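Both complexes shown next keep chain A, but they swap its partner, so chain B is in the first and chain C is in the second.
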Partner chain A sequence: MVVVKRVSAYTICDLLRLLSGGKLAVRSSRACFDLYYVGIPILSIGIGLLISAIIFYTVGVPLDLFINEIGAGFQSYQTLRYSVLLLMLSVGLVMSFKASVWNVGAEGQMIWGMLAGGFVGLFIASCAIYVSPSELSSYISVPGVEVLDASPVKPVISVLRMNPLLGQLLMILAAMLAGGLWALIPAFLKAYVGIDEVASTLILNYVAYQVYNHLVAYVMRGLSVQARQFLRTDRLNSALLFESLPGTTVTLQEVILSLLFFVSMLTLYKYTSIGLRLRVAGSNPQLLRSVGIDERKYVLMAMLLSGMLAGAAGVSILANPGIGKLEKIANVVTPPTFNLGYTAILVSWLSMLDLRLVPVYAYVVASLFQGGGLLQSEVNARFPGLSLTGAALTYIPIGSILLVYVVLRVLVDYSVRFRR
Partner chain B sequence: MTSEVFFPSNKSTQAQTPVVSVCGLWKSFPGVTALRDVNLDVYAGEIHAILGENGAGKSTLVKTLYGVYVPDKGDITINGVKAVITSPLDAMRRGLVLVSQVPQLIDTLTVAENLALSLRQFSLMSSVKSVEKFLLDKEEEYGIRINPNTEVWKLSYTQKQLVEVLRALLLNATLVAFDEATTLLPSSEKRKLYDFIRLFRLKGGAVLLITHKIPEAMEISDRVTVLRKGEVVGSFKVGEVSIDQIRLMMFGERFTQPSSTGNSERCVEGREAIVIKDLWVRGDYGTYAVKGVSLTVHRGEILGIAGVAGNGQLELVQSLAGLRRVEKGNVILHVKDGNVEVTNKGPAVIRDLGVGYIPDEPIKTGISIDNTIEENLAIHPKLSSFLINWRAVKDLASSLISKYNVTTPSTTARVKILSGGNLMKILIARELMVAKNVLLAYNPTRSLDEVSAHYVRRLIRDKALNEGMSAVVVSEDLDEVMEVGDKIAVINSGRLVGFFRRGVDRGEIERVMVT
Partner chain C sequence: MLDQVQGFVLSITPIFTCLYLASLGNSIVEKSGILNLAIDGAYTLGTAMAFIAVASVRNPTLALIITSFLIGLLGILIAFLTTKLPISHGAVGLSTQFVGYGLASFLAYPVSIKVRNEGVPLNTYLPVTEVVLSYLIISLLIGVITHVLMYRSRLGVAIRAVGENPAVASSLGTNVLGVRVIAAFMGYILIGVASSLYILLYTKNWQEGAGMGYGWISFAISISAGRHPLVGMVTSLIFASLIRYAYVLQDILISYGINVSNYAVIAMPFIAAIIIPLTASVIPQMRRRFTPPKHLGKIFFSEERSV
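On to the complex of A and B.
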């Protein structure tokens, strides 16, 4: 029996008033408002971690292990990589969320980025060919050629067909285009047919996974023995792979891309009419219509922007030297996107849709994500009989925080009372 | 009328104790002190009007009583007992009910469902049927005819407001506050509402009537308190003080005799600016709301359209602005560089021709309350380019704020913290600025105080006179139409039933409005 009624001032004061059962009359002031902005994310992270610690403790994972592994997440090199990818994704998502376009399809858009980038990289910027076993040794010294499969029966080499920098650029552009176009499908459905984008973007993620599996296993399947055996593409020519920063798993290109996107989206948002219109599309689309701006175009714009950035994130994963190929998804719980498309939603929300805060929360969430992963491998190794296994462990901290955040927002933005 | 159930039956035994008393109330928002040391006593069996210009603090005062705002300082006593009102629900429990200018109803629910949410007689377990039956009985009793099964979004403004009033009456309130709630009601409904208010007073209820309209305050209230810039500048019994003295209290040195907005009949000749031929437009229910309207407005001419609300004037203006489909007929705008047929061309084409539009529901379609004043100006394509020069926008905003005397902490304040009148001024300022050729307006001065309303009407007339702007001004307020229009057309059931020149006798217009 909950009645939710909207109140006029959205402050943490209301939360305090609520928690005190109405006995505490809190003055609303500027300080309180800032508390709302900063307090909710921090409270969510704090309470969320507490909840996940309790969950782990109840199933038998000692607290110190939990604390150590989550703490290690904050210092891991892999965290840096996740932060960069999450920054790229979340900046795009914030743009669309600002316009009240709830794109939860970053996963699918990343997948399309991988496919398009992979297609350009594998079939346009380079190509894989069979050579005769006897001639194999003569190719080794040719620049731009590398051996993919040195099997004595049917060796395969990859031949670079253009300047590798141009190739990388084309891969990125193709990925952004594909991600953007994929995002435009639900955008059109929302703008012109009135279909809710939350459902359609989510469903399209699974469509994208299936299309990906088909293309990778049949259309783009590689020539090498391993590729044919495991239903995957060939490895990208190493000249096309992004360049790792020394001692880390982050690549130079993805760092540049994410900073570029961050700055350009910030500029677009603050200083151009597109940014202003997206903002107003989120708060009052009818105003846009009334002043003679087609509000539907800004639904498309919001989705296009976030889809393009997700596509770029997708190709950044593919072109990482640690990956370099597309493999068939065996289980939708562990797609090649690492589920970052969903995790980025949390980053956007925690930053309260403020672009400037995205880098901070991208790092925090990446750390927790990585910490969860470390915890998972540690727990699986040490406690083989545990009821919690696999990816479920990784997502417990992230999920708990998301849950607390959503509950806090509802409690603070609305005043909830129980009625008999 | 058996209204004992709904009106407080104990006819105030101690007339000395006020129902609600406010003592030394202070409230400030970032940058603005809305209330300074306000004292107010409201007694049972009294209709107490709070008068003040836009941004004087009237709404803040009543929202503080209603538990929306927490006062910075000062006490509120209810029936002699000190009270801390924590929320609107709390206020309702204590017998204070607010009816505000913007109906606080959930659009997607039916009338019955909306009322069931706040009535204590019903819980979530009660069947909607029983609520409906109860409401039908009560509506009969009060003479309000609204189908309880209708979804709220289908109701007109007047009907929504009546639902709000009904809710207040059904809540057994001891004090009902009307926050500009009667301002936009047509006079026939207004009178009906006044009857409820008088009956309520007779039964010992207390009424707070918040308004910026002096005649409204004088018409039915017993006592008037005047606020200016958050301070009480006078409190008196009706009849003790003259209207001019009240004006002086409300506006201070800004007050000048509000008259002469170029009363002389201007003879507008020359080129046609807006030509409407046999226009047919459907209303929300699919039936024709505008039935074959033909009109011509010349350059520099203002056409006032009078009529009782709901006779097709809303649909007419919306179709001219490109926001509603024209089924038959056409609209031609003659602008400086030629004639343009704009029938069903959409708002982008129309607005690009230098057309300003003041819509009927400003908060819904005219302004975005979650955005700042600057953003609300810059959003208009005519006022900013792709790269927004925020410094120029800020200068523009500052100049408009001083020109229209808007009370706001800054140009980057979110519009939702502005009072209803100040919000309207921002909208009017923007639209008058973009109205190079044509202004379309629906109730343009609604929720403006007397001085601001006259100022806006004078601006419209000046712009027509000096810059050759043509205007179609629809208003439910006949005085406004008579003050602003060079020509007055009367609309009734979707047809134009009368044309008058400026200076016509009011009675003649009224006659064709209702027949």
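On to the complex of A and C.
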């Protein structure tokens, strides 16, 4: 076999050669930002979307509708919110993927972030109490008091117990702690027992959904009539909710958090020894061991970081003014995390595990995600017979883009030559 | 006494078969060195396909055959991609899993609405003793045959050799790609049978998310049995009784004053799927016997052997 040094070639030519039976050869050197770095993710998004469009076309979704709605996703203001959340999640995932720790349990870690943040917000930073109906009017003007349920029999008010900023900070910290601790379980299993983390993180997602249901239904269930009826918590006190940026659904706090995480992870990764060790733990753990560093600790570190960031993303979903409460999960296909934990895997892989590219692909994937949602509502409104589900519209594009990407990714390190 | 045993066997068989056969399939695939992370996607897709097939052909056995063949083709695709190209097994498995989840929901949801609105009869297997017992015997027989195949036949030696060290196996004249494709086809056919039985024998109807997570439970069963076909019978029995008798266990615990909610009951098999492999790998004797194949999930790229 000949090792060929790549001089110049184009992704698409390589692809055609591969399809027509060419053999792979190792690329001996590559520049940091060459065509492949940018070309392959974009190409795989294109091909993956084409595959999904064809799949949806077979049941009668017109192609122009598909293109229109996906395009509309790029301009929708809701996209901004998803991209901020995906940025937060994917930065954490990239850190763990860099250390070859394949954390696919961001869903469960987000759920724990929601639970811990919700617990602090609902029971520590504020509390809900019953008041007598005759006294209800006297509470309305008190600052920090909010009427949750004005029913004439058993009215419920929410009383703020601390400075709202401190309350929000505590919520975020609790969420990060809970997400990180939940992520440490599979990390311990991987580092000290040798159980594959992909399977255990995914199994723990199912456990987290049921813990959520249990806590929401029995421990954190609200006092108001609606909350008791529909198995949900009370609404968070509006002083504790994050602040929406004018005209959008994205909140100021989650923008600050995601930028903070982005910058700090970039710094941690590029300029500190922890970042270097994480990188080496991924590529050559024997080297770490030979210089006397316990590489298992860096498995824990990688998981802890990504779990903490996922927890923060969870509480950002909960504290959004549009949500503000925890509801029982009726079906595991539609969790309150909108499956963003799985979508973030797509973002981190498309960005080639390069932190600098994460914001770009967070925006692109958020647009596709939002476009999928728009397509679903449009199709269900226009063609009542089709009944597309949300799961189909998120998982099919995610899965097909990922699969195409995984295959095309080979072309970054290998070129295709015909053997003479 | 005999009635009680018979009642126990009849009530546990449906869930036992649909866990045991899938874990058996997973064992074959992983023995050949392919990290089988697509199992849950394949399982979910299989339940959806079995539902569609039984709603259209109205014959459970035919539906089972169609489904397992199609899932077997999925296995061939995975084996081909992971062996022919130098790509991560985990990445292929995970993305196939997402495609499986999506396609399952996409294909079966319209059919489930049609079934409900038009009252299409679902000819699933009847819960009569003969059918249930025959499936129990068939699945145990498949387990024994798999054991003979893996440990007493040339193909089995080839499959295990390819999983332990594909480069050596290849230099001794084994066609790595061919062996892995055969192993994955057989394994995924068993996963397909298991997921069809989930619909046809166990739940008898499909709703969104049906079968999701059961692939992972089978994965855990297979790991905690060290990927051994006969030990898998024991671990499958443990998990099957845990799922089947979870509510009985809940009643017992409540009678002792320990309050267990329904959600904890749903989560129980998943918690066991974490804990049981853990105990299997902590005990040293078991750990030595149950070690995974040496090259499980490692990239084997035949073009790069000489580099």
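Observations on the structure shown:
Everything that follows uses one rule, which is that the second predicted complex is superposed on the first by the 370 of 420 C-alpha atoms of A that agree within 3 Å, B and C clash if a C-alpha of one lies under 4 Å from a C-alpha of the other, contacts with A are read in each partner's own complex, and residues count from 1 in each chain.
Just so it is clear, a contact is a pair of C-beta atoms (placed from the backbone, for glycine too) under 8 Å apart; a residue touches a chain by one contact, two chains touch by 3 or more.
On a predicted model such as this, the values are computed, not experimentally measured, just so you know.
Looking at the shared chain after the overlay, A:289 reaches chain B, while chain C stays out of its contact range. Of the two partner chains placed around the shared chain by superposition, neither chain B nor chain C is touched by A:159. With both complexes superposed, C is the one of chain B and chain C in contact with more chain A residues. Of the two partner chains placed by superposition, only chain C is touched by A:189; chain B is not.
In the superposition on chain A, A:124 makes contact with neither chain B nor chain C. In the superposed pair of complexes, A:206 makes contact with chain C only, with no contact to chain B.
Applying the stated contact rule after C-alpha superposition, one finds that A:280 touches chain B and leaves chain C untouched.
Of the two partner chains, chain B is the only one that A:272 touches; chain C does not reach it.
The intersection of chain A residues touching chain B with those touching chain C, taken from the two complexes, comprises 1, 3, 25-26. On the chain A side of its complex with chain C, the touching residues are 1, 3, 23-26, 55, 59, 102, 104, 185, 189, 193-196, 198-200, 202-204, 206-207, 210-211, 213-214, 217-218, 331-333, 342, 345, 349, 385-389, 391-400, 402-403, 405-407, 409-410, 413-414.
Those residues of chain B whose C-beta lies close enough to touch chain A in the complex are 30, 63, 68-70, 72, 84, 86-90, 117, 123-124, 321-323, 346-352, 357, 359, 364-371, 375-376, 378-381, 384-388, 390. Contacts from chain A toward chain B in the complex involve residues 1, 3, 5, 7-9, 17, 22, 25-28, 30, 271-274, 276-277, 279-280, 283-284, 286-294, 415, 417, 419-420. Against chain A, the residues of chain C that register as touching in their complex are 35, 37, 40-41, 81, 85-88, 90-103, 105-106, 109-110, 113, 207-209, 212-213, 216-217, 219-220, 223, 261, 263-264, 266-267, 270-271, 273-274, 277-278, 281-282, 297, 301, 303-304, 306-307.
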